[in-house]
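What follows are several structures.
One chain, subunit A, appears in both complexes that follow, with subunit B as partner in the first and subunit C in the second.
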Partner chain A sequence: MLGIRTRFLALAFAVLMLFVLSNCGSTSKLAQVQNETFTYAANVEIMPGGWDPSTDYSSELIAMAQMYEGLTRYNAVDKKVEPLLAESFDSSNGGKQWTFTLRSGVKFHTGRPLTALAAKAAIERTIKLGQGAAYIWDPVKSIDTPDAHTLVFHLKYAAPLDLIASAGYASWIFDTKAAGSGDLGKWFAAGRDAGTGPYTVDTWQPGQEVQVTLKAFPGYWGGWSGTRYQRVVFRYVPAATTTVQLLKAGDVNAEMQLTPQLWASFQNDPNFLTTSTPSYYNFFAMLNTQRAPLSDVRVRQAIAYGINYDGIVAVLKGNAVKSSGIVPAGLFGHFDDLPNYTYDPTKAEALLREAGYGPGGKNIKLVLTYEQGDNFEAMTSAVIKSSLAPLNIDVGVRPLQWSVLWAKTQASDLSQRQDIAIYGWYPDYPDPASWFVNLFETQNPPVYNATYYSNQTVDRMIGEAMKLTASDRPKAETQYRDIQVKLLQDVPAVPLVGMVYQRVLPRSVSGFQDDPAYPDVVFVYQLTPVK
Partner chain B sequence: MSEVAITTRSRGVARLARKNPLLAWGALVAAALIVVALAAPLIAPHPQDAGSTMHPAATLQSPSRAHPFGTDMYGRDELSRVVYGARVSLSVAGLVLIIAVAIGVPLGIAAGYFGGVVDNIIMRVTDVFLAFPALLLSLALVSVLGPSVRNAVLAISVTWWPWYTRLARGQAASVRGRQFIESCRALGVPRFRMLWRHVLPNSVTPLIVQVSLDAGGVILTAAALSFLGLGAQDPTPEWGLMVSQGQDFFTTQWWLVTFPGIAILITAMAFNLMGDGLREVLDPKRVLTR
Partner chain C sequence: MRAYILKRIGLGLVVVLGVVLVTFVIARLVPGDPAVAWVGLHATPREIQQARHTLGLDRPLYAQIVTYVKGVASGNWGTSIHTKRPVLSDIGSRAAASLELVVTAMLLALALGIPLGLVSARWHGRLPDLLVRLGAVVGVSMPTFWMAMILQLVFFQRLGLLPVAGEYDPSVAYLNPLVLYTHVPVIDALLNGNWPMLQSSLTHLVMPAVVVAAYPMAVIARMVRASILDSLGEDHIRMVRALGFSERAVFGRFALKSTLNPVLAVTALVFAYSLASTFLVEAIFDWPGLGMYAADSIRSLDTPAIIGVTLLVALVYVGSNLIVDIAQAIIDPRIRLN
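Let's look at the complex of A and B:
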């Protein structure tokens, strides 16, 4: 007979073994599931604008890019447009006519095949709705479909349509017949997709942490050979410290954004790869050119000289580089040798004195707005406030929700408008036009031009540059240079810094490359899970 | 003569401290905090860092001899900011309590003394304000007014005065029926003078206790508002804001949240201990309302 003590020990041992065994089971099961599921942690809502591929114009992109495809895709490494749904493409008539030959054997998630007519219908719906980034199709006059696999675009003016078709917004090809006789917009709004991409929607739970889950579309034209992720999960994780814990626990495979410090804390971790990639995402201090004292160009120039750019870069610790001009590095139209402003408090003071302000002179009070919750903009704004204070410029910094901030920039009561708005901008397709058209062209009423700058010469030059892009690239570049020189003289906006994507990737994921043309997008289909 | 008086008094203080050590500690720490707040420019090693000055080349340095509490994400000396933070927190607490008492007590005394319709009107309005959770009402107000220290003070005051109305009303109502008030009335003392000279002084003890107890609560609420981005804004060295700004750095730069956090803890605790102690000494019968 066993003593009571031995019996107790045996029991304890049995319980322990049971615990160990059950744990073994669960870890191996977990590993298996994780190798199939790719989890992405975003610090913003995943589908803030809904599910309509024609109109979405925000962070939906990170999920849409898994479900939808355009005719082409831009490769930022080779700086080339690559075929996607179009197998080949060509331009004629000096860039005024474009022919795209569609890939055969492509199916929409609805089961219908991709045809030239279907693609035409999708693009035409986007143009007709005219929301979001629909303006990218502005050059298109008409679309012909000579056969089931050929699309011919006739343009109003020469434009780089291959580049335009690679856009991250408004370029998706979808099945316009998905809703049958019903309303397609409503059909999408229920959380459905009708794309040709490798993944299709499985669940959508707005407001939850796990907001969107996607599953593999078995009929994907690229096939499912090799090891690929079968599911994609998008989690909404607002706090960067939480994201770090999820990464370390293996619950998350990629993240939208960490702070530079948290990113750096992974640098010596053998389980993670840290990457840093220049982006097309850059930031401006949009100055209200219609209200005193910023209506005085000397005051605007003084502010441009009074901002400590190196300070912003230092505070953002590798997450930012100083801008040169309006167009970010990596895109045509970018120049390193523009007459940029550097931090020069003496010059700033002299200009302010000329205008009757400055230390000892009249005090300037300005209201600066930035998007609440954006750490990058918060720190940039704090440095601006700090560096302008010694110049007798008091900057009242106001973090506002984007919708409020944007409404304020458009307020019909001009006194409600801000003096300075911090804007971040990235292009809808890899081309400089987006910045000039949206931020600096005359807009009445204003949409994104929070500088209210209106200069007919500049407007004309922007139009010319866009038209030259497809027909005479070198001339277009010169034109963009001239526009930027003019904008630096007039300073409707102060170019601040460009963002550098800092990404932490678990070594269990292979094949990821940040593509600045598709901000924060991870093309999950291209990745390989590694055991 | 005077020496005798001083020794007697200091003996009295010493006896009180022995009898009620919590009160003594609370009062001592609270007094020290007030000294720190007043003498901030002398104590802080880099007073300009509490303002808009930044040192981008010296960001996020760990605690060292030059910066005992380290530096923040803008290179500012954390110790200086924590020291100046005492100014912000104590003046917020002071202002809120002054406003709350200035609104709440006269209303409460009027309600308690006059009774009837006046009492009903004042107390129902008070009830409306009390029906909202304090922090929620402050949050709503600040999000309408816009985030700043001034608006935080206003918003917290709005949620705080009703408690003083209730307290003062209870006191005034109990004093009202007393003999000396009756005598005043018989002598024809004017109403205002009677309220000011007789009713108020006899209701003041529990108010003092409540004020000292509330100081900690107000500081915590102000810190909570700033933490949520609805109170002080950078570069104001407010402790709640500093904790909020430091939260993303918690795992990598611990000092950014730790020191302002400790400051909030010490301050709130000191005022609570002091309030509790005062209650025991001045008003042993009263049961805490919250």
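Let's look at the complex of A and C:
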């Protein structure tokens, strides 16, 4: 008869052996599955707004871009719109009519074919729901379908529909008949997709660590020749240090939001590829032009000269580049040779003295707000505060939750508004108009224009530039140049820095190309797993 | 006994109601408009107004509270602003992971804390006591995120013995799909007889559970030590010694009994606290629990979710204290329930 202790040890040994043996047979299969699976680590929830391609307007994009496609896609390398579901497209009537010819042989994941009527129904549903980024279709008056593969858009006013159709939100074409006679919104909410993209949903576990798993859609119009990933797994990994360990262990293939320090730690590692791409996400110090002393253009110009831009770039350790004008690099309308401000405390001091302020003069006290929890903005604000202090400008820095910060910029009691708000901005589709319309056009009451700048000439120039974008893009570029020159003179906002996307991928992944028009998206279909 | 339990449940409900009221009022006083978070960045003022109406934010505060309390009673805890799903469903999907982590940690803390406290008291003032006391100080004072990262560095990066994060290996789960009954992978794997998943989920559980257990284990060890040392001077222990019982029996059988009540009480408190306060551990170990949900809700000013988590924690506090009170009365006849 064995003693209790001996029996316990024997049981423990048996359990251990069971574990070891159960693992032996599946090792090779496991390796094969791991090699065919692309795992993306995200530091945000993957589908926070649900699964509806009409309304999603957040980090869903990183998964949606694998399941859905739009009529076009923007290529940031050559700054051109490329065909996707539309084989070709053309504009007429001064940009007020657009014709898209659809690709043949495309099937939705539901099995139904893509037709002009189906595409029209998808866009019209998005317009009708009017949520998320549905506003991008505002110019559309009506859509005609003269044949099964042709879509003709009639617009209320000239607009760049090729760019709009390439948006990362609200532009997806999907099967509106996916739910049959049921409620399509509820059908999507259960974690289903009805797109045409290379991958389709396999499992969805809201709130879990492995939140979404996609599998290859065998009927994808692009085909599956060559070696491609068969599965895409999205893991929610909030801690950057954990992501680093997972990357090094080979448990994840991509992480798009490492800190600059952690990104730098991979630079000399031969097993990893590090990339650095300027984004369309840039930052401004929005100056309250309606309140003294910032209502004086000399004070605004002094602040623009008084900010140590190189200091901001230095503290952000390669995660940022100094801005040139309003439009970020890589987007049409960007120019490197604009009359930008550089750090020049002497000029700043002279301008301040002229306005009755500066060292030895009247002290300026300003309240600066930025989004709480945003490390990028926190460090930028700290540099602004320290570089303006020697100019006798005291900046009180207040981190606020975004909704609070935004409400403050819109306060009806003007004394409650901030003096400076740090704003980060990126476009919903790759069109410079996004910055000018939202941040600098006259808004009464203000929505995003936290500078409260109102200039009828600039408003008119913005309207013209938008029309030209639809009909004559080179002329539109010239117009955007002129607007930026004017805004740099008036300085309602100081362009600070643009964010640089720093990515790390293992060398076992080939073919990665960062596209700032689709932030944090990895188009997995374009990648090749390397053994 | 029944009257006592009913009275305690009644009092508990008053406490929970009070917590809900206070949280509700504070959540409404915080600057920021949940309606703006609900409709998104490009909403028009009309859409924001519509959202305020849909969410009931345009009604008087007392009417909102009454509607909320009625909803809670009927299982409707509101809709989360950041996930757009029912709060109760969100909490349910995360509570399983938190319970798995915290229950394992509590078992670990009890299994190690009580013997360590005993050892410390038995060899009072000598090397084992010194080591346990030192360990307890480290356990109580070491920041959890730091301990978590050290464990990851040693057991994952250097030794390669344990996985770095997550509840299980997704590739193992793909090859050995799990039928979910309880949403606790360890239990579901056992119920499925799915050994690879059992192995994967158990190995993933070790490090986070040890980190969560560190604090309660240290508290329990110190409490057991102090209680035993106190009781050693009492008459009944002198009596037992005079009767010739071995020192092992004096400590293990008689002195230990006096520690059970305080240990139970502290376990109940720490259990409820850990459910929502382990967000740092959850973040580092990529553990999809309530703590992360609470942190995300606070960050996005998601008042229904914040109130929901607060309500759950209040319910767990009240419930676990009630259970402990009853258990204490059963263990120690000196405690009279009424």
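Keep in mind that, in the parts below, the second predicted complex is superposed on the first by the 463 of 531 C-alpha atoms of A that agree within 3 Å, B and C clash if a C-alpha of one lies under 4 Å from a C-alpha of the other, contacts with A are read in each partner's own complex, and residues count from 1 in each chain.
In the analysis below, a contact is a pair of C-beta atoms (placed from the backbone, for glycine too) under 8 Å apart; a residue touches a chain by one contact, two chains touch by 3 or more.
These numbers come from a predicted model, not from an experiment.
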Where does A:V297 make contact in the superposed view: on subunit B (first), on subunit C (second), on both, or on neither? neither
Scan A:L129 for contacts with subunit B and subunit C and give back first, second, both or neither. neither
Taking the superposition as given, does A:L273 touch the first partner, subunit B, the second, subunit C, both, or neither? neither
Check whether A:R235 is in contact with subunit B, with subunit C, with both or with neither, and answer first, second, both or neither. second
Tell me the contact category for A:V152 with respect to subunit B and subunit C: first, second, both or neither. neither
Once chain A of both complexes is superposed, is A:D310 in touch with subunit B (first), subunit C (second), both, or neither? first
Using the touch criterion from the header, give the chain among subunit B and subunit C with more contacted residues in subunit A. C
Have a look at where A:V383 lands relative to subunit B and subunit C in the superposition and call it first, second, both or neither. first
Which subunit A residues come up in both lists, the one for subunit B and the one for subunit C? 239, 241
Touch list for subunit B against partner subunit A, complex: 51-54, 56-57, 59-60, 73-75, 146-147, 229, 233-235, 247-253
Subunit A residues touching subunit C in their complex are 18-19, 22-23, 26, 29-30, 33-34, 37, 39, 45, 48-50, 57, 130-133, 135, 205-210, 213, 231, 233, 235-239, 241-242, 245-246, 248-249, 251, 373, 400-401, 403-404, 406-408, 445
For subunit C, which residues count as touching subunit A in their complex? 31-34, 36-37, 39-42, 45, 47, 82-85, 90, 93-94, 97, 149, 152, 156-157, 164-167, 169-176, 195-196, 198-199, 283-288, 292-293, 296, 299, 301
Quick one: which bits of subunit A touch subunit B in the complex? Just the residue numbers, please. 239-241, 244, 259, 261-262, 264-265, 308, 310-315, 317, 372, 375, 378-379, 382-383, 385-387, 389, 397-399
